[in-house]
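In order of appearance the chains are A, B, C, D, E and F, and numbering begins at 1 in each one.
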């Protein structure tokens, strides 16, 4: 009966996409359920997966909202 | 000081309802708080309840998005 | 496919009990699963319940570890 | 690698504000990351912060939706 | 910056093992981090994984503690 | 009614300490409760704090158990 919770920022991975797509979500669900089956022998039917999308304003890293953190890091390494 | 977190899919239980209703949420809050009082003696005022509604695209079961899982299961047993 | 998470302090409710008992846990599982069935029509088999016991040192209320908070509140109202 | 999750009701703290502001979120991220650095020596870059805003209908206290709980408490103490 | 939380019962998958092994945990960490990289393009360094092991007494399914649920299901299908 | 959850690895911050100390936990509870009061005006009595200590085997970063991740990073930068 595993439960897998995947928290990601609500943003797209390709130009024009504003969020994780339905196909990407299905791939995360499939991949993580199969991982539990392959590693721990859990039947697919026994695993729940919950994907939580978090607005970038609500995600912090390095003491900053994540978008600001990325900007600073990019300017440092540029 | 118990905390009860209830995660459900965001969908209605009756025709025409697209999500859990305010009355259903109030019933979940009342019922779970009373359960903690009756089983563990926790005062109602000491219990927090958080209801998290999850889009059906974001909920996985059986390695599939839950709507797809339900369709396949229904067609098998039909 | 609801998931109910119940977080409580790890302590007994009766003299001599140092933690939540197996019987109390079973009652919490039964009660919360039946609540989801009665309010939202979820079959019992579709609900997972996870009980998390938290050491009292690790639980804060009122800006204090909970045992200290209780002592102060008791001395105020006594 | 600490993870700090802050759950609050989705409502404003000042007249006219319907939710937590971007500035308040940044202050929560900064403050909690610095707390982990100051108390446990964790580098800012090692801490993630996730802010979850919960609709007031979805938050229970005292066995009631929180807005109803506040109304009753206010009328009692008034 | 994804966070993956994997909740499983604390029990072994092979005879003699009383819990998830260190090797199995490492495989879960590797597999879920690679999944986020492959599906969403997240660098491995940006993903945290937290594995939570839950005592079987604390996990409910079908309105029962999970061990009891398994016994009944096994006797039904046997 | 905020809830603050702080997840950290179970390890000491000073020589000889194998875990987060009671004093450090109290400081985390005090600091995060005061943060919610100062930023959002939440009364101290309305905030719950839960500290979750996670075994280092159960925490992943960079696709590896965190101790292994630290060793590799240290050898790279050394």
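In this section, contacts are C-beta pairs under 8 Å (C-beta built on N, C-alpha and C of every residue); 3 or more make two chains touch, one makes a residue touch a chain.
For clarity, every value in this text was computed on a predicted model and none was experimentally measured.
Novice: Could you tell me which chains are in contact with chain D and with chain F alike?
Specialist: Correct list: B, E.
Novice: Select, from A-C and B-C, the pair of chains that is joined by more C-beta pairs in contact.
Specialist: B-C
Novice: Going by C-alpha centroids, which chain is farthest from chain D? Tell me that one.
Specialist: Between chain D and every other chain, the largest centroid distance is to E.
Novice: Among the chain pairs D-F, C-F or A-C, which one reproduces the interface of C-E, with more than half of its contact pairs identical by residue number?
Specialist: Among D-F, C-F or A-C, the interface that shares over half of its contact pairs with C-E is C-F.
Novice: Taking the mean of the C-alpha atoms as each chain's centre, how many Å separate chain B from chain F?
Specialist: Chain centres of chain B and chain F, defined by C-alpha means, are spaced 29 Å apart.
Novice: State, to the nearest whole Å, the distance from the C-alpha centre of chain A to the C-alpha centre of chain D.
Specialist: Chain A and chain D have C-alpha centres separated by 22 Å.
Novice: Could you give the separation in Å between the centres of chain B and chain E, each centre being the mean of its C-alpha atoms?
Specialist: 22
Novice: Residues of chain E that contact two or more other chains, please.
Specialist: In chain E, 1, 3-4, 7, 28, 32, 48, 50, 59, 61 touch at least two other chains.
Novice: Could you draw the chains as nodes, link the ones that touch, and say if you get a line, ring, star, complete or other?
Specialist: other
Novice: What chain pairs are in touch here?
Specialist: A-B, A-C, A-D, A-E, B-C, B-D, B-F, C-E, C-F, D-E, D-F, E-F
Novice: In the complex, go through chain C and note every residue touching chain F.
Specialist: 7, 54, 57-65, 68
Novice: Can you list the chain C residues touching chain A in their complex?
Specialist: Residues 1, 3, 48, 50 of chain C touch chain A in their complex.
Novice: Considering only the defined contacts, which chain F positions touch chain D in the complex?
Specialist: Those in contact with chain D are residues 1-9, 13, 20, 24, 27-28, 31-32, 35-36, 38-42, 59, 61, 66.
Novice: Which stretch or stretches of chain B touch chain D in the complex?
Specialist: Within the complex, chain B contacts chain D at residues 4, 22, 25-26, 28-30, 32-34, 44-45, 47-53.
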